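Next come two complexes built around chain A: one with chain B, the other with chain C.
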Partner chain A sequence: MAADIAQNIANALMAGSIYGLLAVSLALVFGVLEVPQFAFGAHAMLGAYSVAILASYGYWIPVAAAIVLMAILGVLVQALIFDPLRNAPPATLFIAAFGLLLVLQGMALVLFGPNNHSVAPAIAGGTTILGASITYQRMLVVAAAIIAVLGLNVFLRYTKTGRNIRAVGQSRTGSLVVGLSPRRVGLITMAIGSALAGLAGALLAPIAQVYPTMADTLVIKAFIIIVLAGMGSINGALLGGFIVGLCESFGSAYLSLEFKDAYPVALFILILLVRPQGLYGKVVRVA
Partner chain B sequence: MITRANIFPTITGVLLLVLLPFIFQSPYHIQILTQLLIWAILFTGLDIAVGHAGLVSVAHGALFGLGAYVTGILTVDVGWGFWSTLPVAILVGALVGLGIGLLTLRMEGHYFVIATLGIGLLITIVIRNWTELTHGELGLSPVPKPISFESIPLNPSLTMYYLMAIVSFVCVAGSYLLMRTSTGRRLRAIRDNSALAAAVGIDVSRTRLVAFLISAGMAALAGSFQASYLSYIEPSIASYEVGFTALMAIIIGGRATVAGPFMGAAIFVVLPEILRSADEFRIITLGLILILVVLFAPDGLAGLSKIAFGKIANLFSGKPTNPNRNSSNVLLDRKDAS
Partner chain C sequence: MTEWILSTENLSRSFGGLAAVDQVSFQVKKDEVFGIVGPNGAGKSTLFNLIAGVLPPSHGKIEAFGHRIDRMPTQKRCWLGIGRTFQAAQMFPTHTIGESLLSAGSAKHRGVAGWLRPVDLKSDRQEMLEFLDFIGLAGMEDLLPSELTNLQQQKLAIGMALITDPQLLLLDEPSGGLIEAEVLELLAFIKSIRVRGITIVVIDHKMRLMMNLSDRIMVMSAGKMIALDVPKKIASDVNVQNAYLGRPAGSD
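Then we have the complex of A and B:
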């Protein structure tokens, strides 16, 4: 029994760190640029493909390549799509992001075909903690996700560029007044967010199958997480990732496995019933 | 409600509906046109929420699937006829729509989109996994046709086409007339500025709920006909891709217009036919069209053609062109600088 619970918590931490990392990338881009970057699911998928395609170079070089490639993609999509739409209302941005998702998935389908790829784990083997058997690869995923988010925190707090990003997030107009370039900061922000999404995909690749629509439900969960955590809250997004992981893991262990994907959504709806504006959302009365 | 301004488009539309089967005579093309009309009903329903009320919902794919499944289960497993399931499907769709509306009453912008995404996903998961009721991946068949074809001398696909032509005409006319009523004006007022609408005494919550309920009911009605049209349904009919497709079609076609949903449906029906030999490029092409429309034609194809027609008309009448007069769509208008 205790071993079961430990195993479920271990599974939850692993899944939760992937959800959390993707949610952090969304939260960063949403918090600073107000772009609901739905296509980050596809960025994660391309990150996973980078690892699968470059598998002959080991694991870490392809992971680095995934991060760099996705950062470049981030700059491109910001410059070509989201920067021109910077004053557009939410619905437009959502649709543009979805269009981008389709283009990227379609490209993956054309380039890599519909078949699943699998990636060998970076470190084979595993260990048993408190009766829960955990592969080293899964520990690596959790550690890498937490280190990435810690690194992002340090970057945003203590570097000049990081402070500029937070300034633009607080007030676009204000940052213009003090001489920042919100558009340049936007490029950097989207690059970092995209790189984090790519990292999430690269970490996921060895423990899941790689195929063009692999991140579809993942990105929906990540969106649910950032609504719950309060859009723009980065550490809240990581925590929300773990909560969703726990909810799924225990739900599928003790309720029913078929409805695994439904538990986070059900939790989300329950919270909406109590707090219609989300856990940290501001109450905006319109009527 | 027929005025001089809308009589010409109405006649053109009706003529098109009646005459199209004479232009595309093969049963295959008529079936494609029938599918186009079913989509157009779904898109018109969604447009009430998205275009007129500004409620950008992704849950309508699930509502469409819900309507299909109500008809599917009641005809295949319970043995009802098609027409008796139709009101039940509309009612279930409208009630679920009311539930979604109540849950998301206070949400605006991104939050509303994501909430409907989540709720739609939940409905899809339930349909996929509640196998005792829905038969899961096995699906349901055969869903009967609305009309027994022995009684009518026309060929079956042509009968179905004209039935859908009548149903879509009724839905479009209903939606058009509804938007001419005070409810329609209230909806647009809320869409354009909800705080101001509330300040002048409009019950924002109630009006939003009414719009969402009607819109959801129409989506379920379209789903009900889709089940009968396909005669076999399986869970992908309720997937979130359907919801996104509907939303994309409205954006590409043009919001808050009568022609927009039809243009959007035409793209989603015709494009796969054109790209039949290169299906893997279909998704890329769709995505690119979507991005280009959002970037360069925010009022959609209907908006573009309106501007083009306006220019041509003004060329003859000698009036100055003023395309801005037509762009009443705040969804894509620029935000305040604040």
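Then we have the complex of A and C:
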């Protein structure tokens, strides 16, 4: 029984760190640019494909490539789509993001075909902690997600660029009045968000199948998480990832496996009934 | 020849059917303090937002430093030398005082230079500390705006506008929330900015402050300019007294 619980917690941490990482990328971009970037699901998928296609170079070089390529894709989509739309109403941004998701999935289908790719684990073996067996690859996923979010915290807190990103997130008008360039902050923010989504996909590749729509449910869960956490709360998004992971893991083990994807949504509705502003208390932006 | 630093021509802005700013034309001279007074809802803040580029005008023209600016993006008006204060606690509420000043000051490094400086240089911190000292908040850089007194918040708001290096400073209700003794300190502080060679346009409710500070005063009511003159003449203007519901214009 104790081993079961430990195993469920281990599974939850692993799934939760992927959800959390993707949620952090969405929270950053939504918090600063107010773009509901659903297409990050496709960015994660392309990150996973980067690892699958470049598998002959080992694991770390493809992971680095996934991060760099997705940062570049982030710059492109910001420059070509979301920067021109920066004064557009929320519904337009929503449609643009959703359209981009479909276009990127279509491109993946054309380029890589409909078949599943799989990626061999970079690190073999595993260990047993409190009766839960955990592969090193899965431990790597959790560690990488936590390190990435810590790194993002340090960047936002201690660098000039990070501070200006936070400034735009707090007051777009105020930032403009003191002369901050919304274009520059937008490009950097989208690039970082996209790179994090790419990393989430790259981490997921060796422990899941890689195919064009692999991240669809994932991005929906990530959205649930940022609403749970309070829109724009970065650390709340990572924590929310773990909560959703736990909810799924224990729900599947003790209630019913068939409803695995429904548990987080049920939790989401429950929490919003009690705390409409989200767990972290930030007021959800309506506009 | 008088040198105009800012001029508006038939400047108007409506919200729905309501004209918040209605055909306002005026000019601000270099180095003067230009006061704007009027009852609540007279359109003063809207006028500031039109000049600073927070709102686009419905009609009319704005020129500053010889450039037509009424369609210029907000940040470019800042780069041109227009600073506007906002309530500091509303601006960047989760930035510390030091971070607020650093963020406000960082836009001076634009273009390639800005991209090449992702971290603060020693000179950036030095500049922040100098402004912190100038606004009388030395040693308080790690506090949040909400932890400051009203006077300190007003000074921070002004410091954040000043660190962008403006030639024209728009002060929005600097005496808001202040008690009488603080207003005197604020008055001395604003005069010390003037010494720096910065032209000031100021909106405020405190008539005594405005009479003391301003070289000329424009009175607005229901979006229109109803008087523009030196403080002494404004105080005795009948239209102005009517606009203030019969109160003597010299009282607070």
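Here, the second predicted complex is superposed on the first by the 274 of 287 C-alpha atoms of A that agree within 3 Å, B and C clash if a C-alpha of one lies under 4 Å from a C-alpha of the other, contacts with A are read in each partner's own complex, and residues count from 1 in each chain.
Assume a contact is a pair of C-beta atoms (placed from the backbone, for glycine too) under 8 Å apart; a residue touches a chain by one contact, two chains touch by 3 or more.
Please read these numbers as outputs of a predicted model, since none were measured by experiment.
Once chain A of one complex is fitted onto chain A of the other, the partner contacts of A:N164 are limited to chain C, with no touch recorded for chain B. In the superposition on chain A, contact of A:I95 is made with chain B only, not with chain C.
When the two structures are aligned on the shared chain, A:S181 is found in touch with chain C, with no touch to chain B.
Counted by residues of chain A touched, the larger count belongs to B, out of chain B and chain C.
In the superposition on chain A, no contact is made by A:G126 with either chain B or chain C.
Shared-chain residue A:T173: touches chain B and chain C both.
Applying the stated touch rule to the two superposed structures, the overlap between the chain B and chain C interfaces on chain A comprises residues 173. Residues 158-161, 163-164, 166-167, 170-171, 173-182, 184 of chain A are the ones that touch chain C when the two sit in their complex.
Note for the complex: chain C touches chain A at residues 52-54, 73-75, 78-79, 83-84, 86, 90-95, 99, 102-104, 106-108, 110, 114-115, 117-120, 124, 160-161, 164. For chain A in complex with chain B, the residues that touch the partner chain are 30, 34, 36, 81, 84-85, 87-92, 94-96, 98-107, 109-110, 173, 217, 220, 223-224, 227, 231, 258-259, 261-262, 265-266, 268-269, 272-273, 276-278, 281, 283-287. Note for the complex: chain B touches chain A at residues 50, 54, 56, 103-111, 113-115, 117-119, 121-122, 125-126, 129, 194-195, 198, 202-205, 240, 244, 247-248, 251, 280-291, 294-295, 298, 330-335, 337-338.
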